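In the two complexes below, chain A is the common chain; its partner is chain B in one and chain C in the other.
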Partner chain A sequence: MALAACAGSPTQTPGQGQSAPAATGATAGGTEVADAAVGKIYNPSDKKGGTLKMANTADWDSLDPGNTYYGYSLNFARLYGRALLMFKAAPGTDGNTLVPDLAESVGKASDDAKTWTYKLRKGVKFEDGTEVTSKDVAYAVARQFDKEIHPNGPTYLNALLDWPKGYKGAYKSKDADFSSAVETPDDQTIIFHLKEPFGLFDYIMQMPMTMPVPKDKDTGTKYQEHVISTGPYKFEKNEIGKGFTLVRNDQWDPATDPNRPALPDRIEVQTGVNADDVDNRLISGDVHIAVDGLGIGNAALPKVLPDPALKARTDNPVQQRTWYTSIIPDVAPLDNVECRRAIAFAADRNSLYRAYGGETGGVITTSLIPPSMAGYKPIDLYKSEGDKGDVEKAKAALAKCGQPNGFETNIAYRTERTKEKAAAESLQQSLARVGIKLTLKPYPQDDYFALYAGKPSYVKENKIGLAINGWGSDYPDTYGFMQAITDSRDIRDAGNYNLSVKIPEVDKMIDQIKAEPDAAKRADMWSQIDHMVIDQAVVMPSVASKALYMRGKGLTNLFISDSQQMYDYVGVGVQQ
Partner chain B sequence: MVTYIIRRVIGALAMLLIVSIVTFAIFFLVPRLAGATPEAFAARYVGRGASMDTIRLVAERLGFYDPVAVQYGRFLKGIVAGTEYDTGAGVDHCPAPCFGYSFITQQPVWPNLMDRSRVTLSLGIGAAVLWLVGGVATGVLSALRRGSFFDRSAMGIALAGVSLPIFFTGMISLSIFSYGLGWTAPGGAWVDVTIDPLQWAYNLLLPWITLALLFAATYARLTRAGMLETMGEDYIRTARAKGLVERGVVVKHGLRAALTPIVTVFGLDFGLLMGGAVLTESTFSLNGLGKYAVDAIKNNDLPAVMGVTLLAALFVVVANLVVDLLYAVVDPRVRLA
Partner chain C sequence: MTAPLDVPESASQAAPEAVVAGSDAKAIEGRSLGQIAWRRLRRDRVAMAGAIVIIFLMLVAIFAPLLVSWFGHDPLEYHEELTDIGTQAPIGPWGGITSEFLFGVEPVNGRDIFSRVVYGARISLLIAFLATLLSVVIGTTLGVIAGYFGGWVDTLIGRAMDVFLAFPLLVFALALAGVVPDQAFGLSGDTLRVTLLIFIIGFFNWPYLGRIIRGQTLSLREREFVDAAKSLGARGPYIIFRELLPNLIAPILIYATLLIPSNILFEAALSFLGVGVRPPTPTWGGMLSDAARFYTIPHFMIFPGLAIFITVLAFNLFGDGLRDALDPRGNR
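Then we have the complex of A and B:
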């Protein structure tokens, strides 16, 4: 990798999945090795039993499969629910594979990729013993349509399917016929009708919105209190805001489910636990896994990193998440591409890398697409000695822009995020070398996109030339990562994650990608888009994020899969 | 006496009304000054990448399009007369006093408050007993042995106790006593007293001590000062001259007089315990009112914020009332006409 040659940069190859994952044990006889769950299985085992203890520093957006979007929730929901498809519970890139779950096979698309058909497996039951039919899946899709009741979940299906005019979802349009969107010709078949061709529909079908919900048990906003399970575990007790317990679902038949080893007998989850306390409990062994997948907090880092015994119990994978700075062309003089390029040349990327936590925080990246995703290519447009920035080239660009002495602008970041503050300060220092004067503008993260850095009118009025941002993927396809932050047609009055990328050629190419069945060609087009965005200097990538996870004591069969970007909760077990 | 109590209750209600208006205003008016539209408010309560339609639906559902006064009126009406909540699949009745449903979890606030107040009460009562007994006893002993090694070291520890923040002492004691030595329960341990009183006390021991340490210090110093003053009074000399045993002198005559300011402070402290509970519960991951308040504020969960603020205000008001009534018992001089 070209990155490894940079002085002071991490030498680790980006992307935990670069080497073929080997399903061999990294540990023997209790010796702990760092990164033992990255790209391979830590302590492989198929022994069942025991109680898995998990702690969450915050709380689920919802346990209702039709109303959840948090990454760890999508990972976790597979323990109590079965969607049509799922990501294979396997380490590294192998975990990117879509496998049939409730369905017998992946979707069968019509030639125009507008009609997708799935056949359900026979013998799958709800926890009360009722057999799951395609009607239960159709109902689940229709109920999540009502975003007034279920505002948290992904909106993909509302946007993609050909819903009847004026349809308001399963509650308000109770007996309406929605077969133009979802059809169930028999109990084992479900057909989805799309408005436009969409070749990646299978990726949507693995999300929890397709987990079946029995109509007569649906209690709307209260369904989260007792989700009717189809997976290997069901809720024994659920106290929202405090935690819950999962026990084995005796109606789950492993013969219908080749994907889930279902090792623990019981899973106990505490929510709203003090983040520092979670780290302490991971270290002491009182908790097995921090369920939120955010990694070790700042308070515990100085304790864990210098201690070889503790560091050996960590996993430090590169994630499908990029930390970057938006360079906003709406704010003069950044409407001139040369002024934007001056910023990209002058920035000290080594200093930015350290701002984002250094070795354990990420790897320096020059492209927006994360290293483990299709279409990733290093983009060497703004290369400099030791990644410290090229002052001469920056000055030349400034001269071309007509601002030879530099200019003044503002940089926005989220107040609560210390790393983003450090990144903004780093840019302030390195850009000052060429006369570009930055004023730091911290904003509260809750309203960052709704009121400030994501609101075009605010950005223009307040001359926010730069904004610190970050983005992670919904599902491990480049479309899921790139579309939301490069398609200018999605820019609205407020709440934008992207408002700096507004390139007509990029929009056109995204449409071509949607219709392109060949994955290699899609990847190539994404590379081109990435290159255009970086060349236009409307986005300046800093690091491909790495997370530092701590393994509790006594875990078995633990691994990080590329699709989940954290420990895979379907595979894991505990020693007894 | 009866008119006095009635007057105080009316005053308390007015106070609560003001607190609720101020909380409501802060929540809605401050962001509005920063340019927040109803949609911008609603954008906090939807998932990532939600469409504008979703945001509008949620703004409508949460009533953000109505004037703030109308929204406030609806809140008051819920408390007095209860309200109804559309769950999609049906209608949920929320009987008075209904503090509404959480914007985040869509759960009714009131049952949550009641459930969590058990934790905060357990924490508060246990800690109060510890700090009262510990603080007053230390104060009395210090006063009687003024200038001794005990006096000096006790007052030194007391000073440290008031100065160290709970999140510091809590985290340190957790990692030493719970995770290091294994003597006490880990963070987040909780069993209701009605289920297993011993386990209840064991789980709460460390939070009790941590919280009590903060308050005990004040009491030790207050008691010491009060005792030193009263023990120098003429009537103490008289009592001794009468031939009363020293224990009787100290407890009946000395301590009783020194107790009046302690009761005042205790009443206020117990009411203000929420402040200490916020930190203790967050540090020890106890699901009480304090942590509920923190989570509610972090999540911009207005109904939850309103509920917990009003409950805390009620606590303070009631504690003050009780203190005023207790005065009459402790100190006959202030008995009301």
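Then we have the complex of A and C:
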């Protein structure tokens, strides 16, 4: 994948954009500088040893590689499992590169991109010493098919592969032949057969679903209590709900694994720790890394930011996530593009920026595509002085729409998300300047898309004209970010993430992108789609999300890779 | 109860002296029960302090727009330039307290906390008073009916009260406030939410009062003056309104005063949990809920918290004093 094309350094991103030029040398050990792990390596080292201490504010959805989908879990699983491919453990955009892990090389696609072949490395062993074969990978893929037993994992492989009719996964269709989907002609070869061409299949192959699972050790839902390791670490002790300890896996052969430095001797992880407590322990140095990758909380901000010594220990990267507002054309008078534009003109984007956390929470963005992805271009259709909104232009748009005095509509947001509440209140304030009266409608986040904002019939019935929304990418290709939120053909009766984009030209162009082999042309088409969406004012982007991470004390070789969008857990080590 | 034991003692000792002192000026004059109670209440300094605070709060609520125009800013107006773009905390010491912003400003958007606390008093007191009124009306009506008529009526109402008392009120309130749409019964917006909260809080609190009224009615009904009225041919309604209700005013007043603070707390709890009056309308509970996320900026929590604390304390102190004054034999 020609991902280097998306490295275009955006003009508006202080985090990644500005720190990149300074990446000439690495930070010397001991001196702390803010953003030292953004786009470069903080305290580079190859010294092994020590205990890495991590804490999680919640718990894993599952440690089972076939049953997990949290971003941090995909990052962390690479310590104890090896998928066919992986993202390079490298800082910044370099980390977007796919490198072979269990496989010898990235996938070899047939001409129609429907068949993908991978050759496995020789000499990779499970923690018990048995050799890993392609059958173990095929079994892992077949077992994760059963979403009743493994409900959490991504469903890509279930949808993409050509499974036999009536296939129910490795448990319920025990001895069924699924070679129409996955074939293993010999112990080193695995072939995937797709229903339709899919050029980005390699991105799926780096997910933990392809980490091998030995069939005779698989205990179904209980497998997460003792995952059989293929990576540099194995589970020593695992108490689900409390935490676990990883120790070196003596069967892991560094000769077969050029990607993992495997620096610490032990990794201790505590789960279910109070979020404020984790922040305080990071500050005191009691914990090295907060594993959930959410960044430090509001309560810690007034403590950390004004203190130069503490601020120097933070990293504040821009993520591949955009917070935006869907302007829903199903609800009158927003069926008129001028009324939608009036909202885009009137919104005080500077106030929204504050609502989403201000300086450390994001950067004001005018396009849907996040700044670090291919096809990103600033879209200056609704520029205003100081980003405060343009009341005159908004009034003009309202007049064109036939609503010169404004109108009333509702705005949905997720009750639990305080930043989204603040964003909705901010819009309510700034739109009131032109007579657009918003009523706030909070909904529980668990059902936000299933029952409320993502359900067209509910939206129409309750006249939800605006919905606070946000989207992050599963993998660092613009397709993985944009398709789900702009392709109108995927809009179902409920559970939609695309609440407002129904533009036939966009759909047509997405089809062209699927067939386009040239990455630069694809990127250009994504820019055009982005422009159309913003021009039609069905989406109003607010900020490109940033997270504020805190480094514990005594870390080495720490960096944020663009693929993980948090500290890379494969690279990190600790000082003795 | 919470009133210090020596206060009523000294009050009762003082009473005869007052009579003696007054006897020179006027001939001995019969005093009504109300007058006696008022005298007792006036000597209870703690209760009077509570009453003064209550009156002050009511004035604040009534004249909120005026107060805010003098000392504050519109409670919904953003003053984002007063908060830090990084930490989101108010700029300046003590949460941004200045002569312009008496209680400082909220993090993130810089709304005037003074104005929001003042306007919050309106919602809190309105809901608490009207919900209490609803409880009193239902509780008294059903309590008197149950107590006076007895028999199967009493059984029926008594069981209903048991059911209501056993109800997991908070859970039910959360569910009900969550599912009611934004437009119902011809109301919408804040009016609907306030009405709904009044209904929920008022409707589920009546059995506490109802039981007390029923008990009082049961004992009053057997008293001689009721028998006398009956023997003179008085019927049910006359006895209830003329003989029973005037004697029930004391417990009704006492328990209504004590119900108000618990209703204020309940409203704050519902707002805190996000099912009260919708933002951005300021409520004390809602402000506390916003402040919880910023607990390292304590002033944001202190002012709405203090407002709730002082209001509840004032009503409780006054309620206790009122009980001592109206019912000197109770709980001594």
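Keep this in mind: the second predicted complex is superposed on the first by the 549 of 576 C-alpha atoms of A that agree within 3 Å, B and C clash if a C-alpha of one lies under 4 Å from a C-alpha of the other, contacts with A are read in each partner's own complex, and residues count from 1 in each chain.
Heads up, the rule we're going with is that a contact is a pair of C-beta atoms (placed from the backbone, for glycine too) under 8 Å apart; a residue touches a chain by one contact, two chains touch by 3 or more.
In this text, all values refer to a predicted model and were calculated from it rather than measured experimentally.
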| item | value |
| --- | --- |
| Partner chain in contact with A:306 - chain B first, chain C second, else both or neither | second |
| Which superposed partner A:440 touches (first chain B, second chain C, both, neither) | second |
| First, second, both or neither for A:220, with chain B first and chain C second | first |
| Partner chain(s) touched by A:159 [first = chain B, second = chain C, both, neither] | first |
| First (chain B), second (chain C), both or neither touched by A:381 | neither |
| Which superposed partner A:33 touches (first chain B, second chain C, both, neither) | neither |
| A:284 touches, of chain B and chain C: first, second, both or neither? | first |
| Touch count on chain A, higher of chain B and chain C | B |
| Residues on chain A lying within both footprints (that of chain B and that of chain C) | none |
| Interface residues, chain A side, partner chain B - complex | 55, 59, 61-62, 68-69, 143, 146-155, 158-159, 171, 218-224, 240-242, 270, 272-274, 276-277, 280-281, 283-284, 286, 446-447, 449-451, 458, 484, 492-495, 497 |
| In the complex with chain A, residue positions of chain B that touch it | 31, 34-37, 39-40, 43-55, 57-58, 60-61, 85-90, 92, 105-107, 112, 171, 174-175, 178-179, 186-188, 282-285, 287, 291-292, 295, 300 |
| In the complex, chain C residues that touch chain A | 76-78, 80, 83-89, 107-109, 181-182, 189, 274, 278-280, 290, 293-297 |
| In the complex, chain A residues that touch chain C | 297-303, 305-306, 350-351, 354-355, 357-360, 410, 415, 418, 421-422, 425-426, 428-429, 439-442, 462 |
